[in-house]
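First chain A sits with chain B, and in the next complex the same chain sits with chain C.
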Partner chain A sequence: MEIDILELSDRSAKFILSGTTAAFANGVRRAMLADVPTLAIDDVNIYNNTSVLYDEQLALRLGLIPLTSSLEDFVPQDKCTCEGSGCPACTVSLTLSAEAGEEEQVIVHSGDIVSSDPNVQPADKNIPIIDLRTGQKVVLEAIAHMGYGNKHAKWQAGVACGYKNMPVITFEGCDRCGICVNACPRNIIQLGEETAEISKDDLLKCSLCRLCQDSCDIDAISVGVDERSFIFTMESDGSYTAQQLILNAVNTIKGKASEMQNILSTL
Partner chain B sequence: MIPVRCFTCGKVIAGSWEEYTRRVKDGEDPAAVLDDLNFTRYCCRRMFLAHVNLVDIMAPYQ
Partner chain C sequence: MELKILEKSEDEMKLEIAGESHTLLNMLKIILLEDERVHTASYDMKHVTISEPILFIKTENADPIAVVKDAVATLITECDEFISVFNKAVQ
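Take a look at the complex of A and B:
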């Protein structure tokens, strides 16, 4: 198996995963979406809410804010020794208190949330949570739990994770008529000296629509895929960096496999 | 209020809402602003384009 990184930033990554099967690539994709635990606000104690948002709406907005998480510091609640009752190993308390007072409009942002743990902070500071008008007030305590994306989207660390097969396009017996150049919606085909051609970088942009293949009158183009090579794109919601998220996803698969090995070896 | 995340893909979009509204109000083209803010998928783009901030209408009544 080989990995060739094309782009890697704090929040997103693009890489070519080759020499593996679609089953494995899909396993990694699903693990990033659903099996990497993150922290998200799950319980909210509202002491005062005179804003126009209902308590439930306010709680949903708080829940969806990504919190910076660490797999080393927290354990998912169902695996915690406290058996789900809530302890410092699986929960974090955050408070939010804001008042418009005499001002006409105060927009409360995610950055106004005060966390009891300095390592657990909202990943984005400028998410508007609530719009307070003169005299309105919000005071609440929020409890964040470690949870899984397969339970609720607020615990989903990976966003828009997907892959496509590596395109393989061959030109054979091309007469350089140029019809395929115009047919391609991504404009990646160029006329070379002897045949039409696609540069290596442009090949990644191919959407495998096969319009070039259909447009060719002499059937000189064949569009296929490399079944063992995948162009992977993924984004993180901010709870982990993109790199950490991929590592965590692979580690969860590894953990599950070794768990199965343990069970099978005791039979 | 703008939803915190995109309904379809789950990307956190609310953080860019204030910049988006300010720049559109200043006369910039919404499509160009969304390109600039790195919203490439049409699911996230429609969240901005189709949003009506009802909280402004409701706010005086409570």
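Take a look at the complex of A and C:
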């Protein structure tokens, strides 16, 4: 197995994963989306809500705010020793108190939420929650707990996770007519000394549309894929850094496999 | 996770893997199919949310449980390999 990292930032990553099966790549993708637990607001005690928004709508909006999470500090509620009743190991309390007062308009943002745990904060401070007008007020306590993306999208750590096969494009018997250069919608084909060619970096941009193959009158181009090589792109919602999320996803799969191994040895 | 052997003979097994989904089952299936001792391996989830996946495996002169055990061990090795290769690539 080989990994070649193309881009890596706090929130997103792009890498080439080669020497493995599509099943493994797909497993990592699914684990990032659905099986890595994150913190999200799940219970809301509303003490005062004179805004125009229903309590339920407000609770939904709060739930969808990504919170910075840590697998070391928290355990998923279904695996906690408190058996789901809620304890400091699986839940965090957050409060939100906002008032428009005399002002005509106050927009409450995710940054106004006050967390009881300094490590658990809204991943983005600028998500608008509600628009308060003169005299309107919102006071609430929100309980966040660890959950899984397969139960609700608010616990989904990965967004826009996907992969495509590595394109393999060969030019054989090319007469340098240049039709394919114009046919390519991504403009990645260039005329080389002897044949048309695509540079190694440009190859990653290929969408495998095969328009070049169809445009060639002498069938000199063949577009194929490397079945064991994948260009992987992923983004994190901010719960974890991109790097952490990838490792957490693989560790989750490993955990499932280890659990199964233990049960199998008792059968 | 809960495992339940629904049917088992010398070379065939139907194994219910409660609490799991395509994530684990598809990976296992592909690893099993690469094993020379495996004749057929497949899994079925009748309904995406209310059903538990059932792994079906038919082997050639091998104990199905041992074959599945080996597949799970292979998956763990693959995960370990990914983690070490990824950590090296990041540095």
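Everything below uses one rule, namely that the second predicted complex is superposed on the first by the 267 of 267 C-alpha atoms of A that agree within 3 Å, B and C clash if a C-alpha of one lies under 4 Å from a C-alpha of the other, contacts with A are read in each partner's own complex, and residues count from 1 in each chain.
Rule of thumb we're sticking to: a residue touches a chain if its C-beta (ideal position, glycine included) is under 8 Å from a C-beta of that chain, and two chains touch if they have at least 3 such contacts.
Since this is a predicted model, take the numbers as computed values, not measurements.
When the two complexes are overlaid on their common chain A, residue A:Ala31 makes contact with chain C while staying clear of chain B.
Looking at the shared chain after the overlay, A:Ile218 reaches neither chain B nor chain C.
Applying the stated contact rule after C-alpha superposition, one finds that A:Val159 touches chain B and leaves chain C untouched.
In the overlay built on the shared chain, the residue A:Leu53 is in contact with chain B alone; chain C does not reach it.
When both complexes are overlaid on chain A, the residue A:Leu6 reaches neither chain B nor chain C. After overlaying the two complexes on the shared chain, residue contacts for A:Leu64 are found with chain B alone; chain C is out of touch.
Partner contacting the larger number of chain A residues, of chain B and chain C: C. Within the superposed three-chain model, A:Ile246 lies in touch with chain C and out of touch with chain B [touch as defined at top]. Across the superposed pair, chain B and chain C touch chain A at no common residue. Touching chain C in their complex are the following residues of chain A: 1-5, 8, 15, 20-24, 26-28, 30-31, 34-35, 150, 243, 246-247, 250-251, 253-254, 256-261, 263-265, 267. Every residue of chain B that touches chain A in the complex is listed here, in rising order: 1-5, 9-12, 14-15, 17-18, 41, 55-56, 58-62. Against chain B, the residues of chain A that register as touching in their complex are 50-53, 61, 64-66, 107, 110, 123-131, 133, 136, 153, 156, 159-160, 235, 237-238. Taken in their complex, chain C has these residues touching chain A: 1-3, 5, 17, 20-24, 26-27, 29-31, 65, 68-69, 72-73, 75-76, 78-83, 85-90.
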